[in-house]
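Below you'll find the structures, each written out as structure tokens.
First chain A sits with chain B, and in the next complex the same chain sits with chain C.
Right, the complex of A and B next:
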């Protein structure tokens, strides 16, 4: 029998990709006993107790709510700052515009850990520590440059004559921006929002450093589950599964824009 | 209504884009800006529209100084060479958009849009998005939007340049119709002399940021005031050769004798440049006084009913436009004939000294 090599490679590839995710789901549906004592490819005693714990314990579901809160705040702030900035970069030439653009990008080159200390000290002294806005603002340091960069590529592909035609027709700047311009770069806005959301959602270090109780993120909650009774493997696995879900949902909704975005913009 | 450019000038980063110019466009006139690419046509339009501000000078609209006034508050409409529409809006909304901003009643908007669409043959496409239309239809949509606003000044920047031949002819025939209906001042930029002649009205010829001549289109064509204008307003470009007058004797090029006609007898001794249009060269002697030139044929282009002969006469490259199909051997000598009444005589600096006698008769 002739072996279809490409299909074989593909199957192996997907197998390797899916294995950790499968194992996580597998674990989340077992009891701690089974996880620790036996090796089983699927749950022998199927249980949803781990999920029930997360949905009933405020310290667990609170983590998700906190994360979602600052992620959404961050996405909104990043985009509303990046849109005018990207427009300026794409439409006007001003002194030092190229340097400024480069400098914005260099912000992304430093690891978040570098900024953990200054942010912690600053936010503590101005009373922002352990608030949602603190994490959201900290993340804009990384998301605004990326969003500006993505949006600028999209805006550049819109001819300047459209702006001028709109002004000649009598549109004011803001009406033009909202009614004519934004629909033209909708894919770009979608892609930028996606990247902001994802970065903010998976970022652990800053969110853990800048919060303690009231705004504790889910990632931080997960790293602090060691209790007197040891690690609660099953609940932790269930939390992991639930953490993947929002990202997967966002990707599902913007998947067409992403494909379009990667082709049109310059990501 | 009138538009007056008073001593306007434009410098960008030390570079002179537009040299000091004054020009007045009268009410309900078609004005053609004719010039090669980079001659400043678009820059002039942008100044007229208020998209750019002149470095010095004033722009006066109906006696009112509008220099530096916001584009939104000016009474203008503009169509670009690229097909510029709002891609996210339907054709209907595209045409309606300038009216919506004027707070006009919905019924009236609907009426205006339908009329404009009718005129521009877009009635069947009102629900489509502009990018789902052909190039010609996209430009019609842009024209309809410019038309519907009823502006006093309509700027058309090479609106037909990106269209194929057939569509261009079709749309070109419609522009005078729109113009007649609107009663506005039209400014139309083009690189093609033929287009200027077909549109009529007034023509301003442009070269390197200067208006070289402005006047009624046929009169600019027949009486160019200098060699630059004559060259811009001739397609293919005008042919030139040296003309000398010594002791009443006139020679063309390197020693070809020319009998002085009445007009040329008044010419004082000196060196001149003789210019004539490609369509005045002939392959057969049609009049007694015609001069014969010997030239080397480089290329022939046959367009179907006409033949372009590209040839070298002494140190000058000439083009001859002949009726009919002529199958001539390349690289060989040909005899071409020119009636001396078709010669424009230019001075050394290119300014016109004697107009071609035929143009006076025409």
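Right, the complex of A and C next:
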């Protein structure tokens, strides 16, 4: 009996989560005429035209490519600076370490709205406006602190004796880090990469402020289409559905670590 | 774990420091710079001291936005935290296909770009083409989020619950999974009621992750911009103009750099202060658990 109520709660909750997404998919498979004129729970005249528009129009699929480019750049940059820092925080005490750690976290607390305008001016003045690297760097603002936080949590659970044994065995720091330590926290690195990907992928305000044409993100493409042509609901819905796909794929890969990851490695 | 004293560790932190200095300190200094100056264009700036801060602190507009923001954050937190815990208690614990499916589907809303979340609910709530709007209209409720303030609030709150409850679910689930089976068996032997198991075993074990959940939900809901912006644009009127929306309007829409900068700093400080309190509590409870 108890198992049944649990399953029921889960089914109801998942139904609540899936219903709006279902509606989006439903709309993306209809023609605009059908969307506006008839109300139906499934498409009467199934059409893939909306998806074809996106895959053939460079201003649409370009948006996806741009987004993926800066998301990957951001993930690589964030992880490569966060790894050594997280190691330092998890293993050593040094002057001002606690203050430094909290100060890093404060950047995760900074509202992007506060930084939108100064970022625009900063990146314009160094000639990086409308490039992928500008968005990637801007997103490090919240992704680096997060990556440090998560990695530090995972690294804390690796006993320090392992480090010491490795040093006694004659490993240098870099060989030790690459050959022994990184494989030990592989799941932590995966989870941190997942979160960098996620927060860079879902962010709109900064990516929209920092790009105009060449590096325009898919999110920006979508909001601009709404304001410009207004009513092409079918294409808008199809674009929305396609932004969900990469997320669904990466969740599938980290599904077993995702809960621990959301707890920032602190369970 | 006992840590060794090692000042050379600074070198490992250095790359992060340089990067964050570039992407956080320089822009923040620009904001500070604007907040104490006035301009009449042509790049001429005049020192005005704390004038903007006084103006912002006394402005009705800021007070209203702040009040709406606090109400919004309180409402979504009182819904999301208990609901998230409740759902997490019902999550399947054995690993298997059903569990994986639950995890993936529950986590899905978190991975949807925020403007798409806005778009989804914008469509879903429309009376003419959206399932929710159509249904509510059909059963005779007058629902129009573009004109009615209550409906607009209802939409952004249910949207946020839809979007972020899963975060609380996953965090609580992580906490629950770390409880060894022995605890439950001991409780069974003592014939503890379901409520007592929750109150004395599960809740204390979840305390750490729940604090993280509260911290994250507070921070993120206080900075929310994209979703309500896409759905309501801050309207009808100013009914759903939360702090970030107001700030962007002021800084990029009207280009009032001075007041916007002062607004930014006050806004940031409020978040920092409250987050610091949560953080301190969190660190102390970390120590308590060993």
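Here is the rule we go by: the second predicted complex is superposed on the first by the 244 of 267 C-alpha atoms of A that agree within 3 Å, B and C clash if a C-alpha of one lies under 4 Å from a C-alpha of the other, contacts with A are read in each partner's own complex, and residues count from 1 in each chain.
Heads up, the rule we're going with is that contacts are C-beta pairs under 8 Å (C-beta built on N, C-alpha and C of every residue); 3 or more make two chains touch, one makes a residue touch a chain.
Computed from a predicted structure; not experimentally measured.
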Should the pairing of chain B and chain C on chain A count as a clash or a fit in the superposition?
fit
Answer with first, second, both or neither: which of chain B and chain C does A:183 touch in the superposed model?
first
Under the stated touch criterion, which partner chain does A:161 make contact with: chain B (first), chain C (second), both, or neither?
first
According to the stated criteria, A:18 is in contact with first (chain B), second (chain C), both, or neither; which is it?
second
Given the superposition on chain A, which partner contacts more residues in chain A: chain B or chain C?
C
Between chain B and chain C, whom does A:240 touch in the aligned arrangement: first, second, both, or neither?
second
Could you look at A:171 and tell me whether it touches chain B, chain C, both or neither (first, second, both, neither)?
first
Who does A:93 touch here: chain B (first), chain C (second), both, or neither?
second
May I ask you to decide whether A:195 touches chain B, chain C, both, or neither, giving the answer as first, second, both or neither?
neither
With both structures superposed on the shared chain, find the angle between the C-alpha centres of chain B and chain C as seen from the C-alpha centre of chain A, to the nearest 10 degrees.
90
Taking the superposition on A as described, I'd like to know which of chain B and chain C A:70 touches: first, second, both or neither.
neither
Report the closest approach of chain B and chain C over their C-alpha atoms in the superposed model, as a whole number of Å.
10
Do chain B and chain C land on any of the same chain A residues, and which?
159
Help me check something: in the complex, which residues belonging to chain C touch chain A?
1-10, 12-13, 15-17, 19-20, 22-24, 26-28, 30-31, 86-87, 90-92, 95, 100, 102-116, 119-121, 123-124, 128-132, 134, 162, 166-167, 169-171, 173-175, 177-178, 208-209, 212, 219, 222-223, 225-226, 230, 243-245, 247-248, 251-252, 257, 260, 264-265, 267-268, 271-272, 275-276, 279, 286
Which chain B residues qualify as touching chain A in the complex?
49, 51, 70-72, 74, 76-78, 80, 82, 84, 86-89, 97-98, 101-102, 142, 145, 149
Given the complex with chain C, which residues does chain A contribute to the contact?
5-7, 9-10, 13-14, 16-21, 23-24, 27, 35-36, 39, 41, 77, 80-82, 84-85, 87-95, 97, 100, 102, 104-119, 121-122, 137-138, 140-141, 144-145, 148, 156, 159-160, 198, 201-205, 209, 218-219, 222-223, 226, 233, 236-237, 240, 243-244, 246-248, 250-252, 255-256, 258-260, 262-264, 266-267
Help me check something: in the complex, which residues belonging to chain A touch chain B?
159, 161-162, 164-172, 175, 180, 183-184
